[in-house]
Amino acid sequence: MSGAARRGSAGRLDGRVLDLNADLGESFGVYRYGADEALMPLLTSANVACGAHAGDPRTMRESVALAQQHGVAVGAHVGLADRAGFGRRMIPVTPVEVRDLCLAQMGALSGFLRAAGLPLAHLKLHGALYMMANADPGLAEATTAAVTAFDPDLAVFALPGSALGAAAAAAGLRVVEEYFADRPYRGAEVRMFGWTTADVGSPDDAAGRAVELLSDPVFGTVGTVCVHSDTPGAPAVLAAVRDRLLAAGCGLAAPHATAPLPRPAPAHRP
Amino acid sequence: MSGAARRGSAGRLDGRVLDLNADLGESFGVYRYGADEALMPLLTSANVACGAHAGDPRTMRESVALAQQHGVAVGAHVGLADRAGFGRRMIPVTPVEVRDLCLAQMGALSGFLRAAGLPLAHLKLHGALYMMANADPGLAEATTAAVTAFDPDLAVFALPGSALGAAAAAAGLRVVEEYFADRPYRGAEVRMFGWTTADVGSPDDAAGRAVELLSDPVFGTVGTVCVHSDTPGAPAVLAAVRDRLLAAGCGLAAPHATAPLPRPAPAHRP
Amino acid sequence: MSGAARRGSAGRLDGRVLDLNADLGESFGVYRYGADEALMPLLTSANVACGAHAGDPRTMRESVALAQQHGVAVGAHVGLADRAGFGRRMIPVTPVEVRDLCLAQMGALSGFLRAAGLPLAHLKLHGALYMMANADPGLAEATTAAVTAFDPDLAVFALPGSALGAAAAAAGLRVVEEYFADRPYRGAEVRMFGWTTADVGSPDDAAGRAVELLSDPVFGTVGTVCVHSDTPGAPAVLAAVRDRLLAAGCGLAAPHATAPLPRPAPAHRP
Amino acid sequence: MSGAARRGSAGRLDGRVLDLNADLGESFGVYRYGADEALMPLLTSANVACGAHAGDPRTMRESVALAQQHGVAVGAHVGLADRAGFGRRMIPVTPVEVRDLCLAQMGALSGFLRAAGLPLAHLKLHGALYMMANADPGLAEATTAAVTAFDPDLAVFALPGSALGAAAAAAGLRVVEEYFADRPYRGAEVRMFGWTTADVGSPDDAAGRAVELLSDPVFGTVGTVCVHSDTPGAPAVLAAVRDRLLAAGCGLAAPHATAPLPRPAPAHRP
C-alpha cells in the first residue's frame, strides 16, 4: 500500500478503541528509574516489573498503588532474572524456564494486586524475553502455557504476526497486538534496534506517525500502543500520542475480553 | 507440673491430630540442599522456600510437584531476601518491608500452586524473620496483615505464646502453634540457639521427648511438629517422630480450618 | 571550650592540609546514582564502591578513569554485600566476615587500579559497616588486619576517637580522621542519623561550620572532610566547603604517609 | 595419524612436565559444591572461583588456604556474573565487559592471595566465558588485555588452537594449553558437550586415554590436564590420571614461566 493511499485514509480512528501502555515499576532499592509519576495518569495499562530484571517488593506495591489511584489496568512485565543486564541480554532459556519465570513473576505481582483488591489484567514480556518469545514458537507456547495455568482471562501483549501471538490465540487467550510509538517502522515491522533519535523524531512526529499507521488496515489488529518509560522525553511522547489518538476519534481503554480482530492476509505485509 | 506428673500422662495422644512439617525447596541453581525426597513422604505440610532466602522458580515448581505427589499441604516459607546468609541473619526490617516480603513470596509460590491446581495452605516465616516476627508485635501485625490481604483462610505457623500468634489470632486467622522435634526444650520454651547435638539426642530421644512433651497440657495447643530439613539425619528423626506419634494414638493431618484451642493460663509457663 | 573561644581562633587554617573526599561509583547496571562528574573535579580523594553494596565492574573502571583524569586519589569504599539495602542496614557480621569483605573488595577495585597504573590509596568503610567497625573493637581489628595484609601503606579513614581509629593506629597504619561537612555536630560528635536539613543548613552554612569547627583544637586531628555524594545539592556543598577551606589558608591534598597528630585528651570531648 | 602410530609412541611421557588442574572454590553461602578437599592434594594448580558465577569471599579465603596447605598454585577462575546459571549460559558480552569481568575477579581473588603471601599464578576462564573467549578473537583479546594490564607474568589457560591461545601468545603472555581428562576427544578436538558417561569411561579409561593422547605429537603443546571438580567421581578420575601420568614418566608441576612449545602445523589436526 502506498504512502498516498495511507494518507488518504489517515487521520481518523473513529470507533477504534486502543490501550496505551508503558513499562513501569523498574526502580530497585535506592535506585529510581523511569518517569512513573508523569506517565501513569496518561496510561490505560501499566506493565509492572516483577523483581526479576527490575523492580522489588516495595516498587511493586507502590506501582500498584499508583495505578489504582489513576484507574490504570496492571499487567505483569515478566523478564529474565538478569538485574545486572536489566533483562536486555539474550540469555538462552528453555521453554520450561520461561514458564517458571512467568509463573513466579505473575504470582509475585499478584500478591500486591490481591492486597489492593485489583485483578491482574495482562502479561507483557520484557526486553530480551519479549523478543525471544515473539520469535520462538517453543518459548511462545511456554509463555502461553503459563498464562493458561495462572489465569486464562489474562490478555497477552504480543507483536503483530508473532509466534507469541499465534500461540496465545491458538490457546484461546486474548491477544493484544502492540504498536510502539517511540520506535521507527519499516512497513509493518517495528525496528526495535539500530535506530536513531532522528528516525523517531519529535513527540509530534511520533504521534503523527502513530495515527497514520494505526489508521492503515495493516495495523487494524493492533490493540495497544506502547511508549517505553525510559525513552528520552517519554512523558511528552506519551502525551502527544494520547492527544492525537483522541483527536482522531479513538477511544482509550484497557483491553476488553474480546476476541482479536481477524488479521489481514500475510501478503499485505512488506 | 513435675516430670513425674508429665510421665504419668505421657505416651498417649489419643484423639489428638497433629501436623508434621519441614522446610523444603531450599536448593538454588546447581546447588542442592536438604533431603526433600526423603522427607516429603513423611510430612503432612511442607514449607516451601519462595526464592528470597533460598529456592528459585524451578525449585518451587519441583517442590510443589513433589508435595502434590505425596498429598502434602504446601505453605509459603517466607524469609528475608538474604541468599548469602540463607535468611538467618537478623537484618533489621520495618513492618512495611515484612508485609512486602510476605506478599511477594506468597504470590510467587502461588503461581506454581495455581498451575498445579493446589491451594496455598499456610504461611511459615523462616529463620531470622521467624524469630523477629514471633517476638516483635509490629512485625507480627505486618505478617498478619499480609496474610489477611492475601488469603484469610491461610493458617499461620507461630511459636506458642508469641507476638505472631497473638496478632494472627486477634485478626481472626487460624494460628497453628509449632513444636520443634529436633531442638531441646527448657520447660515450654524451645532453645533455638546454643544447643548441642547431645541436647537433642538420637532420633529415638527426639521422638520420645516429642510424645512426652506434647502429651503435657502445657503443649496442648500445639498443632504442628517441625523437623528442620537440614538437621543432620533429618529423615531418621522425622520417621521416628512420626512413628511414635502414631503409636501414641495421634492422628496426622495438615491443619484444618478450626479455631485454635484455648491456651493454658500464662502462669503454667516456666 | 566555649563558642566564643572557638570563634576567637576561627576562620584560619593556615598551614593545615586537609583531604576532601566523597563516596562515588555507586551506579549499578542501568541505574545511575550520585553526581560523580560534578564532584570529582573538586575532590582530592574518591571512595569508590567495589560492587558489594553498590557499583559494578564497569562503574569501577569508569570511576577510576574519572579520578585519574582529575588527579584524585582512589580508595576502596568497602560495604556490606547488601545491594538491596545499599549497605545501610545493620546486618550482623563477624570479624572474619569483615576481613573477607575488605580483602575481596579492595582486591576487586585494585584490579582496575592496576590496569590504570594507579595505587590504591585508602580504605573507607561504607554505611552500616562504617558505623559498626568504628564502634566495635573486634570489627575494627578485622578491618585493620585486612589492610595490614593487603597493603600496610593504605590510609584508613575513621571517626575521631573511634575503635577503628584506635585499632588502625595500634597496628601502625595511617589513620585519617574524618569530618562530615554535610552533617550537623553536637560538640565533637557527628550526628549521622536523626538530623534535618535545617540542622545542616545551606552550602554556606555547612562551609562556615566546617571552617569554624576544623579550626577548633578539638578537631585538630581531622585529616579529611567528607561530603556525601547523595546529599541533596552535594556539588554546591562541596564547592562551598572547598572554597572556604582554601580561603581560610588550608591546603588541599590527599593524605600523605605521615603519622596521625597526637589527639587532645578525652576530657576535651563533650 | 593412525591409532597404531599413536600406540607405537604411547605410554611414555618421559621428560614431559604437566600441570594438573581442577575448578574449585565453587561453594556459596550454605551451599557446598565440589570435592575440594579430596581433589586439592592431587593437583598442581587450582582454578578458584571469584564470586561471580560461584564462590564468595569466605570460599575464596578457604580455597586459598587449602591450596597453600598442599602447595598448589592458585589461578583465577573467571566467569560470567551469572550465579543462577553457574556461568554456563552463553550470555552475550562485549570485549569491554570481558575485560572488566577479568579485572574485577582476578583482583578479588588476589586480595586473599596477598593476605596469604601467595602470588596469583594463572587465569582460567569458566564455562560459557571459556567457550566464547576461546572461539571469539575480540573476547580473546579482551581477556589478554586484562591479563597484560593486571600482571603479564600470569599464565593463561586455553584450548589448543584457540583464538584465546593465539591472542595471548601474540601479546607475549604464557599460554598453557589444556587437555580435559574427563571429556571424550574426537581427534585433537575435545567434545565439551553432547557426550555420555560411556564416552568418557571409567577412571582407568580416562587415565589411559590421557597418556595415549598426550604422548601423541598432536598434543605435544599441551601443558595442563584438567579434571572438572563436578564430574561424578572426580577424585577417582584425578587420582587415576595422576598415577598413570607419573607411571609414564611425566613430571607434575604448575606451569613455569617458559615460552609455549612450537605448535605442530595445522595440517596435523583432524
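We just call them A, B, C and D in the order they show up, numbering each chain from 1.
Here is the rule we go by: a residue touches a chain if its C-beta (ideal position, glycine included) is under 8 Å from a C-beta of that chain, and two chains touch if they have at least 3 such contacts.
Just so it is clear, the model here is predicted, and its values are computed rather than measured.
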{"item": "Interface copy of A-B among B-C, C-D or B-D, judged by whether over half of the contact pairs recur", "value": "C-D"}
{"item": "Inter-centroid spacing, chain D versus chain C (mean Cα positions, whole Å)", "value": "41"}
{"item": "Separation of mean Cα positions, chain C and chain A [Å, integer]", "value": "45"}
{"item": "Multi-chain contact sites of chain D, meaning residues that touch two or more partners", "value": "84-85"}
{"item": "Pairwise touch network: line, ring, star, complete, or other", "value": "complete"}
{"item": "In the complex with chain D, residue positions of chain B that touch it", "value": "28-31, 33, 56, 83-86, 230"}
{"item": "Chain D-facing residues of chain C, complex", "value": "51, 57-58, 60-61, 96-97, 100-112, 114-115, 146, 149-151"}
{"item": "Residues on chain D engaged by chain A in the complex (per definition of touch)", "value": "81-82, 84-85, 89-92"}
